[in-house]
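Each chain gets a letter, A, B, C, D and E, in the order it is written, and its residues are counted from 1.
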Amino acid sequence: MKKVVALLFIVALAVLLLYVVANMPPMGDPENPTATHVISRYLERAEEETHTENVVTGVILNYRGYDTMGEVTVIFCALAGVLAVLGRERRGVIHAFVDRSEVPSSVIVKTMVRFVVPFIILFSVYTILHGETSPGGGFQGGAIIGGSMIIFTTIFGLYESSRRIPLKVRASLEGAAVMGFFLVGALGLLGGGNFLTYAWPRVARSLQPSLVVWLTVLVEVGVGLGGAMVLISILFAMIREEEEIAPAP
Amino acid sequence: MQESTFSVIPLLAVLLPWASLLAILAFPKRAERLRLWLCFLGSLATFGVVLSLLPGVLDGNTYTIKLASVVESLEMRLTVDTLGYYFALVVAFLWMLATVYSMSYIDHKHNRFFAFMAMCESFMLGCAFSANMFTYFIFYEMMTFGSYPLIIHEETTMARRAGYKYLVYAIAAGTVLFFAIVAHYFWGDGQLGFGSYGVLSLEFASRAALMTVFFTYLAGFGVKAAIMPLHGWVPDAHPAAPSPASALLSGVILKAGAFGIIRVCFNVFGADLLRELEVYVVMASLACITIVVASVFALTQDNLKRRLAYSSIGQVSYIILGLAMLAHDGALGGVMHLAHHALMKGCLFLCAGVILVKTGKKNISEMAGIGYQLPITMICFSVAALAMMGTPPSVGFVTKWLLGSGSLQAGLPVYIVVLLASALLNAAYFLPIIYIAFFRWEGDEVDEHGERHHPKLVFGKEADHKLVVPVVVLAALVVIVGIWSNVPGFPYSLVSKVVNVIFP
Amino acid sequence: MRLLHNYHYAAAMVLFCVGLYTVIVRRNIIKKLIGLNIMETSVFFFFVSLGYLDGGIAPIHAGAADPARMVNPIPQALILTGIVVAVSVTALALSMVILLYRQYGTLDVDRLMREEEPEAAEGGKEE
Amino acid sequence: MGAWRHFPIFMITLPLLGAVLLPFLGYARERWVPYAALLPLGTSTLLGLLLMGRIPADGFLSYHLGGWEPPFGIEIRLDYVGLFLMLVVCGITFLALVYSRRYIGKEVSGGQRTAYYVLYLLLSGAMLGFVATGDIFNLFVFMEILALSSYALVAITGNRNPVRAAFKYILMGAPSSIMVLLAVGFLYSATGTLNMADLARRIAESGYTEVLIVSYILLVVGFGVKAALFPLHMWLPDAHSIAPSPISALLSGLLVEVCAFALVRITFSVFTLRSSDLVMGTADAVGVAAVAAVLYGGIMAILQKDLKMMIAYSTVSHVGYIFLGITAFTAEGLTGAMYHMLDHGLAKACLFLCAGNFIYLKGYRRIEDLKGAWSQMPWTCFAFALASLSVIGIPPTAGFISKWYLILGNVKGGKWLYAVVLLAGSILAAVYCLRVIYYMFFQAGKEGAWEESWRDAPPAMLAPVWTLSLATLFFGIFSSLLIPSLLKAAAYLL
Amino acid sequence: MGTALNLVLILLLLATALLAVNARDLLAAVIIFSVYSLIMALMWQRLQAPDLALTEAAVGAGVTTVLFVITIFKTRRREEE
C-alpha cells in the first residue's frame, strides 16, 4: 500500500520534472542564460585575475572561495560527527583499541602495494600542486591519498597503517583545510582587502601575481592535506573495532 | 479627551503594591507579623495615593504617563480620567479592607496569598488607569492569571477544580478579547484610545464589522462580568476561594469585566453609535435574562457563598442593563452600581468568612441561631442584604431608583418589571437567611424543664477585630453612601460628571 | 522536441526519481543510502549538463584555448563542493548505521523504528 | 567604510575557527574546552551588538568576499532583519553553551565532549553564515554544515534512541538538501546567476516560468523539511526530544527558525513580489499547511506524556505561526514572524533547558513526574512558567507582541480565518502549557519523588535559563526597541 | 557518434542505478553503485568536466564505495526479509 502511494508520488514528481525539463533552455545552446550572463568574465579574465589556467580551480579557490571554505568545513564537520558517534582511539592507548590482526595476503600483493602506494601519493602531490594548470586540485589529491591509504590498510591492517600516519599527525592536520582558508582570509584583511582577498591592495601591483599564486598554493596544500587526513581519520574510525560490542550476526 | 497633565502618580499607584511584595521577600520568615503589617501599609499607601488624586479629578483634570510604546499608535499608557478614577477608588478601598481582613483570615501560605493579592491590586489599578484598550487588555490578562492562585489558595479538590474551570473560561475569553482588539485596531483606523464620545464610527468600517467588534468585546468581557451563558466559573470559584478573595472576586474582579464593557460602550463606541447599531437590544435582553435566572438559581442554593455568587451574577448584570438603557439615569445607575455592589457584596462575603471562621458552617441550613453568636456580623449582614433588596435608605435603593427612572427615560417600562422581579427574588433568598440567623435556633439549648431558650446574645466575643472592622465599615458605608451620595469621592460625585457629558 | 534535446536533463531527473523512490520505499538502510547517493549524483549530473556548451572544451587555458568555446566552469565548481558534501553526509550516515546495527542488530528500517524502549535487551535481535 | 564592514564575516568565521582550534585544546586541557568555546560566540555576540546601530532598517550591508563584486563573487548581504536574527542566534547559542558545561559533563562520555563543543560551534557558525549569505549556493553549503552538525549532535550520546532519532532526521534531511540543490540548479539554468539580488532581477525578466515555479516548490519543500513545516515534520519530535537538552534548545529555538528565515529570504528577496503571481499559489498551499501545523502540533502536544516531546510538538505548532506570518504578505505579518522567531527562540530554548534541569537533577522526563516540582526546584519552575506564558502569548511577554502582529498582519491581508486559527493555536498552547504548570505548582508530588533537601540546579545552569525567561519578558515590555525598525525593514523587504 | 555514445552511457547509468537499487546482495549493490559512479565520471569527462571526472572517480567510486563496503562488513551483507 505504502509502496503504491510512493510510486504514484514518484511518478507524479517525475512527470512534473520532465515537464520542466521540456520547458528548460536547450542544453548546449550558447544563447542560454547560463552561457550568457555572468560567465564570460570568468572565462576571459580568470587567468589574469586568479592566475590559474584551470578556470574551475580559479572559481573554486578564488571567486567562490567562501563556498569552498564552507565545503572543507562540511567535511571537517563530518569527521567531528563520525568521531562523536563512533569515538576515536585515544592518545597513548592506541594499541588497545586497534585491531592488530594482519590480513593474510600473499607476498606478491604486499610487495606490489608497498611499491605502488608511494607512487600514488606522489601522483596525488602532483594533483594538489598542479591544480591551477590542470584538472585536479587540493581535494582530489587528498582523496587520492585517502584511497592509497585504503589500499594500504586492506593489505596490512589498521595497526600498520595507523603507525604510518599516527594519531598525532592526523589530529593536527585535520583542520588544515579550514585553517588554510582562515589564514588566507585573514591575511587578505591585513593586506587591506576583504576576507579571502588574494590580491592584496596594500601590495605593489607588480608583486600581486606571485602573491596570488603563492596564496593559492597555500590553500591547495591546506585543502589537500586536510582533506586527506579527514578522509583517513573517518576511515580509521569506521574500521576500528571494539571487540566487546561487536555485533552478533 | 481634553489635554492631560503628565503625572507619575498613576504609575506610583500601580507600583506601590509591589512594595509590599518586596517586603514579603525582604523580611525573614520569623517576622511574620511585621510582613503582614507591611502588606497592609502597602495597600493603605496605595489607597492614599489614589485618594490624593481626588481633588484634581473632581476639577476635571486628567493625568497621564506613558510606559512604553510598541509603535506610534500602540502604546502602554496610564491615564487617570474620571471614570477610571472612580473604578480605581473602588478597587483601592475594597482591597485595603480585604487586606486587613486577610491578615487574620488567611492561616497558611501567607506569602503566596499576599504576594498575589498585591500583584492583582497592581494589575487592577493598571486596568482602571489604562489609557487605551491595548493597555487595558494587558493588565486585564495579567490580572486574570494573577487571581488564579487566589482562587485555588485552599488547594482542596474543589478549589482546584474551580481554578481549572476559571482558567478554561478565562483563557477562552482572553483569546476572544484579543481577537476583538485586533479587529478594533483594524477597523478603528489603528486607534485603540478612549474618547469621551467613542472613537469608532461608521465612516471607517461597515456595520457588520462594528457589530463583530462589539459582540466579540461583549463575549470577551462577558465571561468576567458573568453574563448568563458565560457565567459558569463564578458559582464554583466563589465558594472555593478564601472569603477575602471571594469578596474581591465579586466586588472588583467581576467588575473588571463590567468596567471593560462600560469602557467599550462609553469610550469606544459611544452612545450614538450603539443606538445606531441597535446592539443595545441584545445587551438588555441578555442582562434581563441574567438578572432573573441568576436570582432563581440563587434561591436553590444552600451553600451561602454559592448563593452569594449567584446573586453577584445577577447584580453585575444591573450594570449592563443600565448601560443598555442608553439613557441618562440608566447609565448613572448602572455605573454607580459598580461601587454599590462592591460595597454590599464585599460586606456579605466578608460576613460569610467570619461565619466560616467562627463556626465552620458553610450551609445556610446549619446557621440557625447564628445571629446570637455573632450579632455584629449578622447585623451587618442584614444591613447589606436589605440593601441588596433595594430597601431605602441604602445604596441598593439608589441603584434601583435610578435604573427605574432610566427605563422610563428610555421609554421601556418593561425593565421596571424585571427590576421588581429581581427585588422580590432577592428578598426571597436573603430574608430566609436573616430569619434563620435570628429567629430560629436549634434544640441544643433545651433546659431541664424541656423548654427551649434563646441562645444568649454575646457581644464583644465575636472574632478578631481585623475580621470585624472591615465588615462594619462596609455595612456603614452601604447606608452612608446611600444617603449622602454626593459627598466628594462618593460615586455620584464622580459618575455624574461622566454621564452628564455623554447624556447631556 | 525540447525534451528529447535535453535528454541529459531528463536522464538526471529519472535518476533523481529512482533515488528518491529507493529512499522512500526500500526498507534496508544501506539501500536507502545508496538511493541517496544516486539522487545526489543525478543532481550533479544535471548541473554538469547545465554548463555544457555544444562543441565546448574544458575550461582550462592550455595553449591557445578559445575562451568563447569553453564550457561553463561555475556548475563544475559548485559540484566539486557538492561531491564533498555528499561524501560527508554518507560518511556520517554510515557511521550511524554501524552504531545502529551494534545496538539494534538490524538494518531494516521498519524493525528499527518499531523497537520501543531503550531498556529492551542490548545487542542483537533474532532475525 | 570603517572596520565594522568586516564584522559580519568575523561573526561567522570566529565560531568556525574556534571549532577547528578546539580539538587542540581538547588534547592539552580538556577541562578548559567549555570555557574556551564561549570565547568565539561571545565575541560574535559583541560584534553583532556593535553592528546593530550601523545597519539602517531600510538598507543593507553588502560585503564582497575576496573583493569580487556580486554577480561574480559571493556576497554577504546583511539587512536589518538578517542582523536581528543573527543576534538572536548568537545570544541563544551563547546561553545554551553556558548551560552545556554541567549538562554535557554528565550526559556525554569523556571522549566525545570535545567533539560536542566542536560540533556546537560549527552549528552556531553555520547558522550565522546561513542567515547572512546573499548567494543561493552558499546558502546550500551552510545548510549542509548546519544539517551535518545537527545530525551528529542529536546522536552525540551514542545511545540507542538518540542515534535512531538522528538517523530518522538524516533520512528526511538529506533528501531535502538535495531538493534544494536541484532547485538551485533550476534557478541557475533559468537565470545564469546565483547571487540573490541578481536572481531577483533576472527572475523578473526570465521567461522560463515553469522552471521558476518548480524551483520555488522544491525550495519550499526542501527548506520546509528542515523547518519542519507540517506534513514534513516527522523527524522533529523524535530528534528534538531525544537530543541533549541544550541541543534541543538550539534545534527547536533556532535551527527551525533559521530555515524558515531562508524561506523568507527566498520568497521576498529572490522571488520578489513583482513575480509574486509565480509564488502565490505555492504560498497559499504553505498557508494551509501552516494552519494544519498550528492545530496538529497543538493537539499532539496536548496528548504527549513526555515533557520534551510536548515541547517539540509545540515547536511544530509554532513553526506554523511563523509561516502564517510569512504567507500573510503584509509588513505586519512579516514583523510578527520575525518577532516570533525571537520570542519563540527564547521561550523554547528556556523550556528545553528547564526540561534539561529536571533530567539533569532527577532524570525525570514525564510530565507526571513533575508533580510538586515547585517545592524543590522553584527557580527552574518559575522560569518554566514565565517562558510558558510567552509560548501561550500572554501579555506582557514577547509572545504576546509577536502574536499581535501575526494576527494583525493576517487581518490586514484579509485572512480572517488564519487569524482565528492563530487564536485557536494559543488556546491549545494554553492547555498544554498550563497542564505542566499546574502539575508543577499545585499538585503534590509522589511519595519520595522529591527528597527533603532543597536543591535546585546549579547556578551555571540556572543563569542561562533565567536570562532567557527574563528576556522574553524584557522583549515583551520593551518591544518598541525593535518593532518600529522591524516594521520598516519588513516593509522594505516587501 | 557523440550523441550515440552519450545515449549508451546514459542507458548504462540507468541500468546500473536500477541494478544497484534492486540487488538483494548489499555488497553487490555497492559494487554496482561504484560502477555507476565510474560511468558517471566518464560521462562528465565527455561533458568537458575533467576536474569533476577525477573527483567522482576518486571520491564517488573510491571513498564512498569503501565506506559502504566497510559498513557492510561491519553489519550484514544481505537484506532482511
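Quick notes
Rule of thumb we're sticking to: contacts are C-beta pairs under 8 Å (C-beta built on N, C-alpha and C of every residue); 3 or more make two chains touch, one makes a residue touch a chain.
Computed from a predicted model, the values in this text were never measured in an experiment.
Listed by label, the chains that touch chain A and also chain D are C.
Interface comparison, C-E versus A-E: the higher number of contacting C-beta pairs is recorded for C-E. Chain centres computed from CA atoms place B at the largest separation from chain E.
The central chain here, found by comparing per-chain C-alpha centres with the mean of all protein C-alpha atoms, is D.
Comparing mean CA positions across the assembly, the chain most remote from chain A is B.
Chain C and chain E have Cα centroids lying 10 Å from one another.
Chain A and chain B have Cα centroids lying 74 Å from one another. In this assembly, the C-alpha centroid of chain A lies 19 Å from the C-alpha centroid of chain E. Averaging C-alpha coordinates per chain places the centre of chain A 17 Å away from that of chain C. Annotation for chain A: residues 17, 23-24, 34-35, 38-39, 42, 54, 56, 63-64, 67, 70-71, 74, 77-78, 81-82, 85, 135, 139, 234, 238, 247, 249 touch two or more other chains.
Looking at chain D, residues 137, 141, 144, 148, 151-152, 155, 158, 163, 188-189 sit in touch with two or more other chains. Within chain C, the positions touching two or more other chains are listed as 8, 14, 16, 20-21, 49-53, 56, 58-60, 70, 74-76, 78, 80-81, 84-85, 87-89, 91-92, 94, 96-99, 101. Pairwise, the chains that touch each other are A-C, A-D, A-E, B-D, C-D, C-E.
The touching residues of chain A, when paired with chain E in their complex, are 54, 56-57, 127, 135-137, 139-140, 143-144, 146-147, 150, 231, 234-235, 238-239, 241, 247, 249. Only residues 6, 9, 13, 16-17, 19-21, 23-24, 27, 63-68, 71-74, 111-112, 115-116, 118-119, 122, 125-126, 129, 135, 137-138, 141-142, 144-145, 148-149, 151-153, 155-156, 158, 163, 186, 188-193, 198, 202, 206, 208, 210-211, 214 of chain D touch chain A when the two sit together in their complex. Chain A makes touch with chain D in their complex at residues 16-17, 19-20, 23-25, 32-39, 41-42, 62-67, 70-71, 73-74, 76-78, 80-85, 87-88, 90-91, 171-172, 174-175, 178-179, 182, 185, 188-189, 193-199, 201. Considering their complex, residues 137, 141, 144, 147-148, 151-152, 155, 158-161, 163-164, 166-168, 170-171, 174-175, 177-178, 181-182, 184-185, 188-189, 194 of chain D touch chain C.
Contact residues of chain C toward chain D in the complex are 16, 20, 23, 29, 32, 36, 39-40, 43, 46-47, 50, 74-75, 78, 81-82, 85, 88-89, 92-93, 96-97, 99-100, 103-104, 109, 112-113, 118.
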